[in-house]
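Across the two complexes that follow, subunit A remains constant while its partner is subunit B and subsequently subunit C.
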Partner chain A sequence: MILAILSGFILAGCTPFISKFIKGKGSLLLPLLPFGLFVYFISYLKEIGEGQTFKFSYEWVPSYGINFGFHLDGLAMLFALLITGVGTLVFTYTTSYLKGHQYLDRFFGYLSMFMASMLGLVLSDNIITLFIFWELTSISSFFLIGFNNDDPKSRKSALLALSITGLGGLFLLAGMVLLGFVGGTYQFQELLSQSNLIQDHASYGWIVGLIFIGAFTKSAQFPFHFWLPGAMKAPTPVSTYLHSATMVKAGIYLLARFTPLLGGTPEWNTTLIIVGAITMVYAAVHSIFRIDMKGILAYSTISALGILVFLIGLGTEASLLAAGVFILVHALYKATLFLITGIVDHETGTRDVTVLSGLSKVLMPVAVAAGLAALSNAGAPPFFGFIGKDLIYEATLAYGNWAVVLTIAAIVTNVCLLFAGLLAGFKPFVGPLPSNYAALHLPHPTMWVPPLILAGLGLVFGLFPSLIEGVLVQPVFSSMVIEGAPVHIKLWHGFNLVLGLSLLTLTLGVVLYMILKPSSLLFSKTLKFEMIAPQTLFGIFGKFFNAFARFWTGLFQNGYLRNYVITILGFLTILLAYRLYQGVNLYIDTAQLTSLTIYEVTVAIMMIVAIIFTVFSRSRLVAVASLGVMGYSICLIFLFYSAPDLAMTQFSIDTLTVILFVLVIYNLPKYKNFSSKAVRLRDAVLSIFFGSLIAILTLEVLAEPLNRETSIFYAESAYLLAKGKNVVNVILVDFRGFDTMVEITVLVIAAIGVFSLLKLRLKSIEKE
Partner chain B sequence: MKTIIFKTASTYLLPLLVLFSVFILLRGHYLPGGGFVGGLIASIAFVIHSFANGLEQTKNLIKFHPGFLMPVGLCIALISGAAPLFIEQSFMTGLWFENPIPVIGMVGSALFFDAGVYLVVIGVTLTIIFTISETL
Partner chain C sequence: MELILVVIIGLLYASGIYMMLRRSMVKLIIGLILLGNGANMLIFLLGRIVKGKPPIIDSTAKMLTEIYADPVPQALILTAIVISFGLQSFAIILVKRAYKITQTDDLDELNTTDEIYE
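Here is the complex of A and B:
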């Protein structure tokens, strides 16, 4: 299992080395990986259908309770099959779509990385690994959206998508950690048994809120939806794979997965219903005003995601079943429509529905696939979409007092979605064929076969729902509803209200399609509302944030060493002063002090004189030399109080420091007074304060009872354990050898820094 | 600063100081000293030489770029730390030869580690000082 998940990462890691192979004929071999995985998951289908689940566990960070725990049940199975199945088709499609692209290898690398992270996400049992895979999907999505990295718009969209989903990811992490903290474990299956405990806990509201933000950002729910239309800048295979079939459903997966654990409370249900309903209606209405095929599909995807959130929010058995089925329905028809958009774009060079028409005459199989998908999307019998929509209406109608409102919302959404589907899947293929498209010819079969397969499945599942009822729908349902009745899905329910509503939707949608012609005029009218759109608000927030960050950084990171020192010392002074204000514990035992010797007095006088010279000298060289004298005096003090190691090191360091100073000073302009009297006074006051505080602090340390445990340990163990008599050295190279190792590494980095800074500058000067 | 006395003295000082620095390095485990101080002393020796005879002379004397010592030293330190792994002990366990070697005394992995530190310090100090004096 772990190999199945990691294989995508392994392939992604290999792509740079086999790039020639991929760009040549080798690309046709790549779809074999998702296909192999697809077959692998299919092999578990029978057992899953019988109600079994599979657990795989590998240790990772046992001390924190994080392991690679994988759990394969119905819900995970549905997503795994979608990921690998649609993945196979998208990989195949890409071999033609991006044929000859100079970064084809990179693209496949990102794509397989994404596939692997997505698989890891849906299979993870441990909620921390789930989060890690969640973030990996965001990151791989960032690379895929920004794949055309020479286009500034593409880069901007990628950044927007990453910042929204990444931000949501952080909230999700907080939610997960809190959940693990409350539940006492990070294993989802173990958490499940403590559902009641968690729901009664005081932090329940926080957990739910944080997880919601994570799920809403990922699944493009209002008001975080706006990154998804932008993400359509990505190449079409990416839009198909990530932004319709799999990644955006990660949030839905999360909600479905957590329903048995956190669901069933008013907080959970009401929030989801409201957010889902707003999203589905808002986006559906938006979608009918678009003229770009991808834009239409983007908004209808958001709307479909809204429906899913809404259904999960209803939380009844009927609605969860509807959600499970609709995930599959939507993936099938939406992926098809996206792939078709890609073909149309690839062949004609435009995605504008007002221009496109009559393409069925030249692209017949594509038109067939598009027609099938549009019908499944419309929910026309006998398509799978019909079953999906029936289930939705059944769910809303059964929802108590609010049934009427919710059903109307669902109808409005479905009518708009139907219209959008016809616009993207039907309109470009009917009518007269413009003369400039007459020369078009069918692309390579690797491009038009995948959408045909997907669209065909939409019809097959509709005609024979029993194909997936037992093996897939039932297990999916059981993972969301722990003790539910056995489900049964069928095409024909007899003449009832649901059928009436379905027909009403169909009629209204077709009528709308007849009346409302897409035009750029209509589209431009919607742009007037951009002012109050969440996207604009988010942009304003971003600008403000940026400005504040710049101000803040400029305030503290102003590039002047003196200001840094002042800030650090000033802050420390305030901190220390506050600490000392609370009470000073000064106690000096005069009896224990040894009497002053003549050389101690001499050294002290030397130091004072050196300080006076350093501060008041008018020559740099004198100041530096006095600093050196100061250092050497400290060396002497070390020596008096038996720290020869320190003295030696200090001595060498001081020598080198003076040498460095002299080297630099040699090249500085003449000594001048740049600072005003006031500034110097300020610096003097700060220095005096800081120095006195440190002095008081040092004296205070003396008052503390001395704890010699550490030094005794080192003194005793140095020879026994490390065979050394010089304790200082033994600590450096043995007891704390690892520290030393890191320190010398840091030294090397500093040296490389100095070297590259100075040498690079020199080179650029030489060039000029 | 190219006085004759300084120049002549530096020619003798260089080998003496380097020898002294090695001495400091070797005695580190028992008496004051060690790789860090040893490295600093050796660097001072080279810096004095460069002051007296000019940077080019010193560079010619060393033959290779002092920065080269940094990775070498790091590798020696790392290998001496990793050596215990091969006999299934944890990272940085002190290993010692059974018998003392004449002149040097007891030899163990700690000494090699210290030698690594010694080389890194020389490399870092000389790289920084040479670069600055060359560029400015």
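Here is the complex of A and C:
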């Protein structure tokens, strides 16, 4: 199992090394991978149909409870078959569609990575692994959407898709972690047994909300839907794959998967119904005004996703069954229509439905596939779509008080979808053939056979629903409804209200198709509403966020060293002041203080004056001289208080510093004030506060008892162990000899630096 | 005497910070020196000051007894003084050099890595 999932990643990793092979005849071998996987999953079909599930577990990070746990049940099976099945056809289709493309190898690499991520996503039992695969699909779809990377629009769409789905993914992660925290495990099957506990927990609302955001962004629900039409910039095989079987279905999968765990509550159902209903109606109405085949299909996909969310939200057994069936219905006809769009675009160079017509005369098999898909989409009997539509109406009609409203919403959506389907799958193929398309010829069979297979399946499943009822539909249903009655799907229900509604939908759709002709005028009118579209709002938000980030960074990372110093010191001062304000205990033991003598006071006064001169002097020379005076005063203090070594060092160092200053002083710039008075006042206030705090802290520390352990050790051992009588010297050159050696090294480096700076000749820039 | 030293330490810190916040590079160095001295004095004071008892073992004795000045802070400060001299001298020469090339002492004008030709 793990090999089955990882094989896609392995292939993706290999593509750079076999690029010549892929660009040549080798590309025809690549569809064998998804096909092999498809067969592999099919081999489990019988057992799954008998109600078995399969578990595979591999340890990964056991300490965090994260493992590669895979669980194959009905729902995972449906998606796995869609991913690998449609994957096979898309791979095959691509070999012709992108034949001879410069980056064909790259494309297949991304595509197989995407497929593998998707497989991992639907098979994961561990919700953290599920999240990782979830993000991998976002990342690989980013590369796929932005495949035409020299087109700025393509790049922008890819970025938009990534930011929306990636952002949602982060919410999802938060939801998953919270869920794992509440449930005490990250294994989905274990969580399932604690459904009641989780639903009664205080964090339930948060979990549901976070997971919803993740699912809605991925499945392009209103108001996050706008990245999907943008994703049309991708090559057609990608759109096919993203829209029918994968990516956008991930959110649906997530909701379906979590239904038995989190569903059944008012929060869950109401939110999903509202969001789903808004999305399906909004996008369906949008789709009928489009003129680009891909645009029509994109909005109809969003609408179909809305229907799925809506059905999951209804949460009844009938609606969940309808959702399960509709996933398959939609995947079959939508993939077909996209593949056909790709062929039409490939052959005629346009996707504008106002221009295209009569193509059935030159592209007959394609037209057949398109017609079948359009009819399945329309829900005409005896297609699979008819079954799907029937189930939807059954579900809405049975929904208590709101049945009428929900059913009307479903009818409106279906009528618009029907119209959109006819527009993309029917209109381009009927009517007179324009003369400039007369010379078209059928593309390579690898392009037109896949849509034909998919469309054919739509008819076969419709005629013989028993083919999939037991092996697929029942297990899918059981995954979502733990203890449900056995399901039964059939084509013919007899004459009843549902049939009437279906016929009404069909009639209305066809009438609409007759009346409303697609035109660019109408399309341009709808564009006026973009001002208030979520997409525009999102753009504004993005710009605002960027500006805010720039401002914030500029505020703190402004490149002025002193501003960093001010920030750090200011913060430190406030913290310390607050602490001292809470309870300062200024206790000064006067008995402990050393007595004052007149010469000490003199030295202290000298120092204070020197400091004042250093700071306020307008002359550089005075400042440096005062600095020297201050240094010598410190030297005297060291001398008074039993530190002769320090006094000597300070004396020599101070002398050297002053000499150095004076030596270079004539080269130094004029001593001047750059800052304004206000700035100086601010700095002065900060400095005085900081200085006072240090002084108070010093007093506090002085009141504390001192631990003299180290000093006592040195005092006792200096002579006995190191044979030296000056303890300070012994510490420096003996006990801490290595430190001193390193210190000398530092000094040598500084000396080399000074020397080279002095000797360095900077060619012509130098004006000595 | 401790109280006076506390005041001086506070003053050294305050003036050091103030000078560091100036735009002039020379003032920045002076600020560094002041701050360094303040830190030295702080360590010295916190090791407790003792008058007239240097930590030197009497020629007849084998170890320090009675009251003596703490040798550890002294060793620390000695190191600090020497190291800060290394830093200061390098900084002074660097400023001199930088000024010669850029003809400015204003830190705010040193915002490009390109050499300025005049």
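Here is the rule we go by: the second predicted complex is superposed on the first by the 558 of 768 C-alpha atoms of A that agree within 3 Å, B and C clash if a C-alpha of one lies under 4 Å from a C-alpha of the other, contacts with A are read in each partner's own complex, and residues count from 1 in each chain.
Here is the rule we go by: contacts are C-beta pairs under 8 Å (C-beta built on N, C-alpha and C of every residue); 3 or more make two chains touch, one makes a residue touch a chain.
Just so we're clear, the structure is a prediction, and the values are computed from it rather than from any experiment.
Contact with subunit B, but none with subunit C, is seen for A:655 once the two complexes are overlaid on the shared chain. Once the two complexes are overlaid on the shared chain, A:170 sits clear of subunit B and of subunit C alike.
Once the two complexes are overlaid on the shared chain, A:560 sits against subunit C while remaining clear of subunit B. Contacts of A:664 after superposition: both subunit B and subunit C are touched. By the touch criterion defined above, A:132 lies against neither subunit B nor subunit C after alignment on the C-alpha atoms of chain A. Of the two partner chains, both subunit B and subunit C are touched by A:750. Between subunit B and subunit C, it is C that contacts the larger number of residues in subunit A. When the shared chain is aligned, subunit C comes close enough to touch A:569, but subunit B does not. Of the two partner chains, subunit B and subunit C are each touched by A:645. By the document's definition of touching, of the two partners only subunit B reaches A:738; subunit C does not.
Residue overlap on subunit A between the subunit B contacts of one complex and the subunit C contacts of the other covers 644-645, 649, 653, 656, 660, 664, 667, 725-726, 728, 732, 740, 747, 750-751, 754, 758, 762.
Interface of subunit A with subunit C (complex): residues 559-562, 565-566, 569, 588, 593-596, 600-601, 604, 607-608, 611, 614-615, 620, 623-624, 627, 630-631, 634, 637-638, 640-646, 649-650, 653, 656-657, 660-661, 664, 667-675, 683-684, 686-688, 690-692, 694-695, 698-699, 701-702, 706, 708, 710-711, 714-720, 725-728, 731-732, 736, 739-740, 743, 746-747, 749-751, 753-754, 757-758, 760, 762, 765-768. Subunit C makes touch with subunit A in their complex at residues 1-24, 26, 30, 33-34, 37-38, 40-42, 44-59, 61-64, 68-72, 74-75, 77-79, 81-83, 85-90, 92-97, 99-101, 104-108, 111, 115, 117. Subunit A makes touch with subunit B in their complex at residues 644-645, 648-649, 652-653, 655-656, 659-660, 663-664, 666-667, 721-726, 728-730, 732-734, 737-738, 740-741, 744-745, 747-748, 750-752, 754-755, 758-759, 761-762. Remark: subunit B residues 24, 28-37, 40-41, 43-44, 47, 67, 70-71, 73-74, 77-78, 81, 91-92, 94, 96, 106, 108, 110, 113-114, 116-117, 120-121, 123-125, 127-129, 131-136 touch subunit A in the complex.
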